[in-house]
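What follows is a set of structures for review.
One chain, chain A, links the two complexes that follow: it is found with chain B in the first and with chain C in the second.
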Partner chain A sequence: MLIFILPLASLVIIWWTVYWMGLIRVLPSPIEVAGTMVSRWRILLRDLGSSAVRIAAGFCLAMVIGIPVGLLMGTNRYVHFLLRPILTLLLPVPTLAWVPILLIMWGVGDQTIIFAIFLGGFFSIAYNTATGVRGIDQDLILAARIMGASRRELFAKVLLPGSMVSVLAGLRLAIGYSWRALVGAEMLAAASAGLGFRVFNSWRFVAVDVMFASLVIIMAIGFIMERFLVEPLERRTVKRWGMIRV
Partner chain B sequence: MYELASFLFPLLLFVALWEIFAHTGLVKPILLPPPSKILKRLLIEAGKGAGEIGLADHLLNSLYRLVIGFSTGAMVGALSGLGMGMNRWIYGYLNPVITVLMPVPGITWTPILVLVLGFGDPTLITVTFIASFFPVAYNTAAGVRSVKRDHIWAGKIMGVDRMGTVFKILIPSSAPYIITGLKLGLARGWRTLIACEMIAAALTGIGFWIFDAKEYLKTDVIYGGIIVMAMVFVIIDRIGFGYLERQTIEKWGMSADIG
Partner chain C sequence: MKQGIAAKLEARHIRKEFDDGDSKLLAIEDINLSVRESEFCVIVGPSGCGKSTFLYLAAGFEKPTSGDILLNGKPVKGPGPDRGFVFQEFALYPWKTVLGNVSFGLEIQGMKKEEAKETAEKYIETIGLQGFENAYPHTLSGGMKQRVGIARALAYDPEVLLMDEPFGSLDAQTKKLMQQELLRVWSQTRKTVLYVTHSVVEASFLADRVVVLTARPSKVKGIIDIDIPRPRSYTDEDYLDVRERILGLLDEEVARAYRKDQAGPESTPPEPS
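Right after this comes the complex of A and B.
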């Protein structure tokens, strides 16, 4: 624990030294930022709440739509044939590139942000689910069929467990993409609250202390998600099943 | 050849359906312009000559920022990762820093960097650098740390010096990880760059181009920009990384398919 914190403390010391030497004119001191976090806790908590609701909604949407689409692509080769090129092309498109269209369609607000988060997560979930289902050994599927598995049994006992590693890998990637999409979309399209909005808004009004306070919160949330969402997912799946770590 | 045809056919079908659908008027044409209109707009933008800022200027500016930001980010990232893999003090220091800073969306650095470096290329290149650095450093470190001790000892016994260990054992053994890191780094650098071009008004760049088009409701430009981005990235990924993989890990019988 201490070994983990010391290097981070050194970063704060570097920050403080830069402030003290006055190398960057607008930089606030760490103490000032901590003070802002305490005095503005109400606003920051509200931002945190709005962001949490948005990412939960967008990510669930991506999961609920992405996994079935992926399963369909994996099990039906016509669907796969038709959708694969489109997914391959759209997968690397920066999520925020869709935001201008969404802004024209819906204007600033939750709808735009949630849809951007959905788009951030959807492609990697669908793509990885499809890859996972298609990667299942055909012999296993044939064996299950010979032994008289119904369609539902085949799905629940062979296809789903067999593609789990890949599905979870997709979800893990999607968490990262949705998180980035959330902060980015909030910068471009939030009306009144949200962590990204707070950074952007305080930047416009050159309220540098609030900006840094929101940044520190973003860092903490990113770290918490990585530690308590992504790493357990990875431990439960990729490592336990003896796959290579990404 | 069949591969290419089976890739293009669904796309053409999709475009044809889109064209028909756009003409039915079920969706407002401003929200979903037909592909023919987008193509026309792209050709007009691409044909803009000197004195005007056209598609070529936007694209070249974005690529210029990407190339500088990514190549420096990847270089520093690979060196840091190598250091982390070889020395546990470096690992002990950099690992917490990377763990905490890596999940920060690259775009959040933009406001700070604008305050320090101002609007324009320095900010955009630095953001691309930051975004590319972390995946490369993280994966290189993981790769070097996964190299079997036996191989290093075997090398030492056979009289390989330090440089030999690095270039003949550590780097080749961790190549799949390094290439995965480079791929992720390029993808993150590219996404972050586009996003930053949107908020740090740069006056050029694909990201700026499509975000600016929103002000004039030029949806054909936005869709055109998305198509250009998709194509550029697929070309870089297939040709650039395809070549790199064939020259290295495929030749050595490894695979980078761990992402």
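Right after this comes the complex of A and C.
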């Protein structure tokens, strides 16, 4: 619990200090932002809801496609040969650069945003999974083969758990990337709601407090996803199995 | 093949070349070998001679360049559950408990979960690991890990047990204990065992028959039958005599392999993978 509170408290203290010294003119005080969060809770909750649905959809898509693609890349020489250069080329393209193209294809709306989130998360998940599979001790694969494992069993029962350390690292990165993609895409492609949309929209009304309230929520959600999704998964898998040091 | 005694596992003119595109390496020139039912057969040879490669061929992990390996008279085409394999580095699944590791092969082969658990528990007890069913491998010592490795390979009742320097990474005390344990389990199950080691002490302690391979490219240098009753004593005169005979064969080859290494920059054989 202390690990949870300490960084949070220090962040608020720094914020307070900066505000109190008047270093950044537009910066609202933490209390002001907290007040805004209370008074505008309805609209912020709606934004949170829209963003949460989009991120869930986009992130799940990235996971459901990224992990199998990574497993295939890690096991099949030809798939690896084919996909690796493509991924290497696409990896450095900022997700936001795709959004205008997506806007032409699908226009403003959820489809564009969800696909941007997918793009944000997909690469790191696929890449890390592939790396993980290639690092699996060859004997573990041979042992399964001599016991008669089919290809499907090999994937599900050996390659996936065996690459779990890397898969989790990929998911962790993907959470960060897909949030960035979400907020950016919502600025460009959300018609009416979403945390990214709210930040951008508040700019027009110079509602700095709302901007900050949205930012705080974005930070909190990222933190919660890491804390309540990746960490428990890690504890239940690779830590328990002794695959990483505790 | 001797009259009346069927060969369980037979190697006929096995030759294995590794070819990595621009250079070829002849690992095995010609190995002929016949292992009888319930026999404990140990292969020894100088390091890098291709004895592990031969075991990988028997497992079906690699294909011979020419020649056949026959199991019960039928050619080996690839890996399959009629063989059990015990790895030097254990190769246990870290995400599975002891029970999960041992029952893995049974479940893959379609045994019902309850039945697989029962069978696995039986083998865990045989190998002396009762009480550790729910432990994860990373909490076990090296000797215990290899007990799991052996139980896992025996649990689905393969025709032969292939063992690749199974105690090579254990300390001397544990190694001795594990050798005795292995003989105890073997005398209970009467499995046909093909066992690879570089240790002559180990070979002469364990084997019904010791096959000495030459330095690379390997051929069979000599076969020594050991009919000293078990348990054998390390100080017994017959035992020491057999050990000397094996050492005699092997020493020439080790010296030859050494001279060859000194002679020229020849690439070392790739580890079987």
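Note that the second predicted complex is superposed on the first by the 193 of 246 C-alpha atoms of A that agree within 3 Å, B and C clash if a C-alpha of one lies under 4 Å from a C-alpha of the other, contacts with A are read in each partner's own complex, and residues count from 1 in each chain.
In this section, contacts are C-beta pairs under 8 Å (C-beta built on N, C-alpha and C of every residue); 3 or more make two chains touch, one makes a residue touch a chain.
What you see is a predicted model; the values in this text were computed from it and never measured.
Asker: Once the structures are superposed on A, label A:Val199 by its partner contacts, choosing first (chain B), second (chain C), both or neither.
Answerer: A:Val199 contacts chain B only, not chain C.
Asker: Give one of first, second, both or neither to describe whether A:Pro94 is in contact with chain B, with chain C, with both, or with none.
Answerer: first
Asker: By residue count, is chain A touched more by chain B or by chain C?
Answerer: If we count touched residues of chain A for both partners, the winner is B.
Asker: Determine, under the contact definition given at the top, whether A:Leu83 touches first (chain B), second (chain C), both, or neither.
Answerer: After superposition on chain A, A:Leu83 lies in contact with chain B alone.
Asker: Which partner does A:Val158 contact after superposing on A: first (chain B), second (chain C), both, neither?
Answerer: The second partner, chain C, only.
Asker: Considering only touches as defined above, state whether A:Pro7 meets chain B (first), chain C (second), both or neither.
Answerer: Only chain B; A:Pro7 stays clear of chain C.
Asker: Using the superposition on chain A described above, determine whether A:Arg145 touches chain B (first), chain C (second), both, or neither.
Answerer: After superposition on chain A, A:Arg145 lies in contact with chain C alone.
Asker: Taking the two structures together, which residues of chain A meet both chain B and chain C?
Answerer: Shared contact residues on chain A (touching chain B in one complex, chain C in the other): 243.
Asker: Using the touch definition from the top, list the residues of chain B that touch chain A in their complex.
Answerer: My answer: residues 6-8, 10-11, 13-14, 30-31, 92-97, 99-108, 111-112, 114-116, 142, 180, 187, 190-191, 194-195, 198-199, 207, 210-211, 213-214, 217, 219, 222-223, 225-226, 229-231, 233-234, 237, 258-259.
Asker: Inside the complex, what are the residues of chain A that reach chain C?
Answerer: 137-140, 142-150, 153, 157-158, 161-162, 164, 237, 240-243
Asker: Note which residues of chain A are touching chain B in the complex, please.
Answerer: Contacts found on chain A: 3-5, 7-8, 10-11, 24, 26, 81-86, 88-90, 92-101, 103-105, 176, 179-180, 183-184, 187-188, 196, 199-200, 203, 206, 208, 211-212, 215, 218-219, 222-223, 225-226, 243-246.
Asker: Under the touch definition given earlier, write down the residues of chain C that touch chain A in their complex.
Answerer: My answer: residues 59-61, 78-81, 83-85, 87, 89, 91, 93-95, 104-105, 108-109, 136-139, 152, 156, 273.
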